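Look at the two complexes coming up: chain A is in both, with chain B in one and chain C in the other.
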Partner chain A sequence: MNGMLVLPVAIPLITATLGLLFRKSSQLQRWIGVLGAVALLGSAVVLFRDVYADGIQVLQLGNWAAPFGITLVADMLTMLMVGISAIMGLIIAIYSLYDIDKERERFGYYPLLHILIMGVNGSFLTGDIFNLYVWFEVMLIASFILLALGNSKNQLQGALKYVFINLFSSLVFLFGVALLYGMTGTLNMADLAVRLPEVENTGLVTTTAMIFMVAFGIKAAVFPLFFWLPASYHTPPVAISAIFGGLLTKVGVYALIRVFTLLFTVESAHNDYLHTILLWVGGFTMVIGVLGAASHMEFRKILSFHIVSQIGYMIMGLAFNTAMGIMGAIFYVLHNILAKSNLFLISGVAQRLLGTFELKKMGGLYKHYPFLAVLFLISAFALAGFPPLSGFWAKLSLVKAGLSIEQYVITGVAILVGLLTLFSMTKIWLTAFWSPVPDEKPEHFGKIPLFGAGKLYILMIPVMIIAGLIIMVGLYAQPLLELCMTAAEQLLDPSVYIEAVLGPQ
Partner chain B sequence: MDTILPIIAGAIFATGIYLLLRRSLILTIIGIILISNSVNLALFSLGRLTTENPPLIKAGSLEPLAPFANPLPQALILTAIVIGFGLLAFALALAYRSYRELGTVDQDELLQDAEDTAAAIVPRDDFKKGGDA
Partner chain C sequence: MKSLILHTATRLMIGVLVLFSLFLFFRGHDEPGGGFIGGLVGAGAFTLYAIAFGTEATRQVLRIHPITLIAYGLLSLVVSGLIPMFIAEPFLTGKWLFIEWGAFDTKLSTPLLFDIGVYLCVVGFIVTVIFSLEEEG
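And then the complex of A and B:
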């Protein structure tokens, strides 16, 4: 029992409540927003140390013994995800200080941001499948409002698609939960892991697994369920795009990893179709996403399609179902959250300078803002997988995992998609950074400095922090790779998880 | 009951899907409502329905009178109903707002490609000051 486990959920809740209490004063809200994010990061670090030192931590809420009450569980995967979500929360809170306008602040932007983070952390921590549904809904309702806040035409259009597809996927998820409960009579994930292999109707287990794959697949935006993502993620302000693109889809990936290593394993489904399907899904997601990105000329739309393509890599790692593959997938999730959100944040700075996201109307950023160009290159090369940046190690471990189980075709596809990723990153570089300064540029372009007057430095600080993290992860990859390996080994041996939750069997 | 409820749930789900695929935004929302209800029904019928004693503990006793009915599905459905209610209220408000802003509920017209996405971002006057400096 470790009471600290509630903190990653409780701190954002307290922060959001305080923010709502002081919603009249935007100054106070900003301070509360940033301080709450700092406190969250602190709690994540403390919890991480516990999990690192003593293994899986468990909290039975209300002291109801599992499987009857709701259980919070923190294994290494959970802690890595909570840690990265806390970092992202802080980064976005700082970036929002300048990016988010007064009007949105007045309608409770900061409380909503923290409720979103609460939902994300709750989904990572919970050990109960129905509770996971509830956390998904907490996360969804906050994301709905964040997406629609501002009411501009294209935001409403984006929000409509996002809202309906996500409502549908939640209902599919709930139906899957109903089937699980009908088969086993329990909702605790550890208890489910014990009982599912004993279910005689193995066809129904496979069907339920497919229902979960569809439900989480919509949230994670995998092929062929991704169309809502590039249609909506480019509409809200950049800070919101960045946390959606960085964090939210990865919650879907997390849920897929959790469910397909703990509940629907080869033992419980009595066959290996599921991982074969996941492998195909991963391959198509990679290819279609990257081709979509190649065909677009809008900064954030390109990035949105790349989210889809990168999700494919993570699904591929999961589908390999080996320690190396899952380790690669987890490392890829962490690296991708950093690189992807940084690219979104940079697109925001570029938009502030040039007044548009259309690549054809952009140009001259390298001439006037070389430092911004360097930061873009770091993130773009990390995304494409250049050594010595974080993406290289992520791709390397996935490729190694693929070769070691002789999945040559999909590994080849993964490498090819890496090249195509580089193609669309070069496209952004050539148009927005390298091409001559456009004729129709805002007056301030080239005159205001990144640091100093104009307050652009508030946007630059988070960008620099993430770029630093990307380089650090790239140069000192070993510690993080080892943590991911620990997480993968815990996932592949569910008995440890089950014992931690239900006690010695 | 055991056979009728799943069939009804399936029929409602199918109707919901049909409405979900219609062009009008309002019909889409009604479709989501129907699917939501059918999933709740499925949760109910999958939750091992039995007609036994109510799961209440009498005064002076420590446990309910066995055999008692399973109280959990009701709790789950209640949670799902409350969550669904909140989300649908938001969806309706969003649909209304879209109708006001975009002047139609036909999804083909509603979801035509948006113009410049930079419109959502409010320009800052700080820049002008910065430019002068």
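And then the complex of A and C:
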């Protein structure tokens, strides 16, 4: 038992509550928003040390013994994810100080942001499949409001698509949970892992696995279920786009990794179709996403399609089902959250300077703001997988994993998609940064400094922090790779997880 | 809405509804009832009032802004969860305090505090929704 395990959920809840209580004062809201995020990061660090030193940590909520109560479980994967979500929470809270207008603040932007983070952390920590559903709902309701907050026509259009497809996915998820409960009579994930291999109707197990694949696939935006994502993620303010694009889809990936290593393994389904299907899904997601990105000319739309494409890599790593593959997938998730969010944040700065997200109307950023250009290059090259940035190690470990189990075709596809990624990043670079200053530019372009009057530095600080993290992970990748390897090994040997939750078998 | 019947009936009903909601609330835990259902009935009372006398009058009767009500509800939920953590027990563990007065024995507990939170959240949420709908239309 580790009582601290509830903190990554409780701290955002407390922060949101305080934010609601003091919602009249915009100044207090901001302070509470940022300090809450700092406290969350602190709790994540403390918990991380516990998990690193003593292995998997468990908390039985309300002191009800597993499998009857709700269990919170933290293994290395959970802690890596909670850690990155805490970092992102802080980054976005700072960025929002400038990016979010008074109107949205008044409608409770900061409490909602923290409720969203609570939902994300809850999904990572829970050891109960129905509780996972509940956290998904918490996350979705908060994200619905964040997406629609502000009421512009464009936003509502995107939000509607997002709401409907995600409600559908929740419904599918609930069907899957019902089937699992019908087959095994339990909802605790560790208990499920024990009982699923004993179920005689293996066909039904495979069917349920497919249902989960569809449900989480929609959330993670994999091929062919990704259409809602590029249609909605470019509509809200940049801070919201960034946390959605960086973090939310990865919760779907996390859920896929969790259920396909703990519940639906080769042993419980008695066949290997599932991972073959995942492999195809991953391949198509990579290719279709990157082609979609190549065909668009709006900054955030390109980035949205890239989210889809990058999800493919993670699914591919999971489908390899080897320690190396899963390690690559986890590393990829972490690297991608950093690189992708940073690109979104930079698009926000560019929009502030040029007044548009349309690449054709942009230009001259390199001439007037070379420092911003350098930060963009770091993130874009990391996304494309250039050494020595974080993306290189992510791609390298996936490629290595693919070659070691002789999956040459998909590995080739992955490398090719990397090249195409570079192509669309170059497109942004050539138009927004290198091309001449556009005629119809806002008056302040070129005159307003990044640091100093105008307070643009509030936007630049988060961007610089993430860029620093990307370089750090790139130059000093070994510790993080080792942590990801620990996480992957824990995932591939569920007996440790089961024993931690249910006690010695 | 200007209707003499509705106005008179509302004045009579509202006290009954609020009392009934409190009855349902305290009946909870061991028997059907509790914070959620009690909160729904309580919100029903204010909804009726809002239909009969308008939202402005209801805001005055309610005195406290519905969103603040939600905030206090959440606060109560969080506190009830955190109390057991101070004696090194897991979040949300039920802690009971029995007070014997002789005639009425009182049971105070963290689940009660949790339920109060649920009650406030439900009332606050539904009243917020009703107010927004009424004021827009």
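Following the convention adopted for this analysis, the second predicted complex is superposed on the first by the 505 of 505 C-alpha atoms of A that agree within 3 Å, B and C clash if a C-alpha of one lies under 4 Å from a C-alpha of the other, contacts with A are read in each partner's own complex, and residues count from 1 in each chain.
What we mean here is this: a residue touches a chain if its C-beta (ideal position, glycine included) is under 8 Å from a C-beta of that chain, and two chains touch if they have at least 3 such contacts.
Everything numeric here is computed off the predicted structure, so don't read it as measured data.
*Asks:* Identify whether chain B and chain C fit side by side or clash on chain A in the overlaid structures.
*Replies:* They fit side by side.
*Asks:* Does chain B (first) or chain C (second) touch A:A10, or do both, or does neither?
*Replies:* A:A10: touches chain C, not chain B.
*Asks:* To the nearest 10 degrees, what angle do the lines from the C-alpha centre of chain A to those of chain B and chain C enclose?
*Replies:* 40
*Asks:* Considering only the touch criterion stated at the top, classify A:T426 as touching first (chain B), second (chain C), both, or neither.
*Replies:* A:T426 contacts neither chain B nor chain C.
*Asks:* For A:M1 in the superposed arrangement: first (chain B), second (chain C), both or neither?
*Replies:* Second partner only, chain C.
*Asks:* Look at A:S25 in the shared chain and tell me whether it touches chain B only, chain C only, both, or neither; answer first, second, both or neither.
*Replies:* neither
*Asks:* With the two complexes superposed on chain A, say which partner A:V134 touches: chain B (first), chain C (second), both, or neither.
*Replies:* first
*Asks:* Quick one: classify A:K455 as touching chain B (first), chain C (second), both or neither.
*Replies:* Touch partner of A:K455: chain B, not chain C.
*Asks:* Check the contacts made with chain A and report whether chain B or chain C touches more of its residues.
*Replies:* B
*Asks:* So in the superposed three-chain picture, is A:F164 touching just chain B, just chain C, both, or none of them (first/second/both/neither)?
*Replies:* After superposition on chain A, A:F164 lies in contact with chain B alone.
*Asks:* Of the two partner chains, chain B (first) and chain C (second), which one does A:F357 touch, if any: first, second, both, or neither?
*Replies:* first
*Asks:* Taking the superposed arrangement, what is the smallest distance in Å from a C-alpha atom of chain B to one of chain C?
*Replies:* Minimum over all C-alpha pairs: 9 Å.
*Asks:* On chain A, which stretch or stretches are contacted by chain B in one complex as well as by chain C in the other?
*Replies:* On chain A, the chain B and chain C contacts do not overlap at all.
*Asks:* Chain A touches which residues of chain C in the complex?
*Replies:* Touching chain A from chain C are residues 67-68, 70-72, 74-75, 78, 81-82, 84-85, 88-94.
*Asks:* Across the complex, what residues on chain A touch chain C?
*Replies:* Residues in contact with chain C: 1, 3, 6, 10, 13-14, 16-17, 20-21, 23, 59-63, 108.
*Asks:* Can you list the chain A residues touching chain B in their complex?
*Replies:* Those residues of chain A that touch chain B are 98-99, 101, 103, 130, 133-134, 137, 140-141, 144-145, 148, 150-161, 163-164, 167-168, 170-171, 174-175, 177-179, 181-182, 185, 231, 234-238, 298, 300, 348, 351-352, 355-358, 442-444, 447-449, 452-456.
*Asks:* Using the touch definition from the top, list the residues of chain B that touch chain A in their complex.
*Replies:* 20, 25, 28, 32, 35-36, 39, 42-43, 46-48, 72-73, 76, 79-80, 83, 86-88, 90-91, 94-95, 97-98, 101-102, 107, 110-111, 114-124, 126-131, 133
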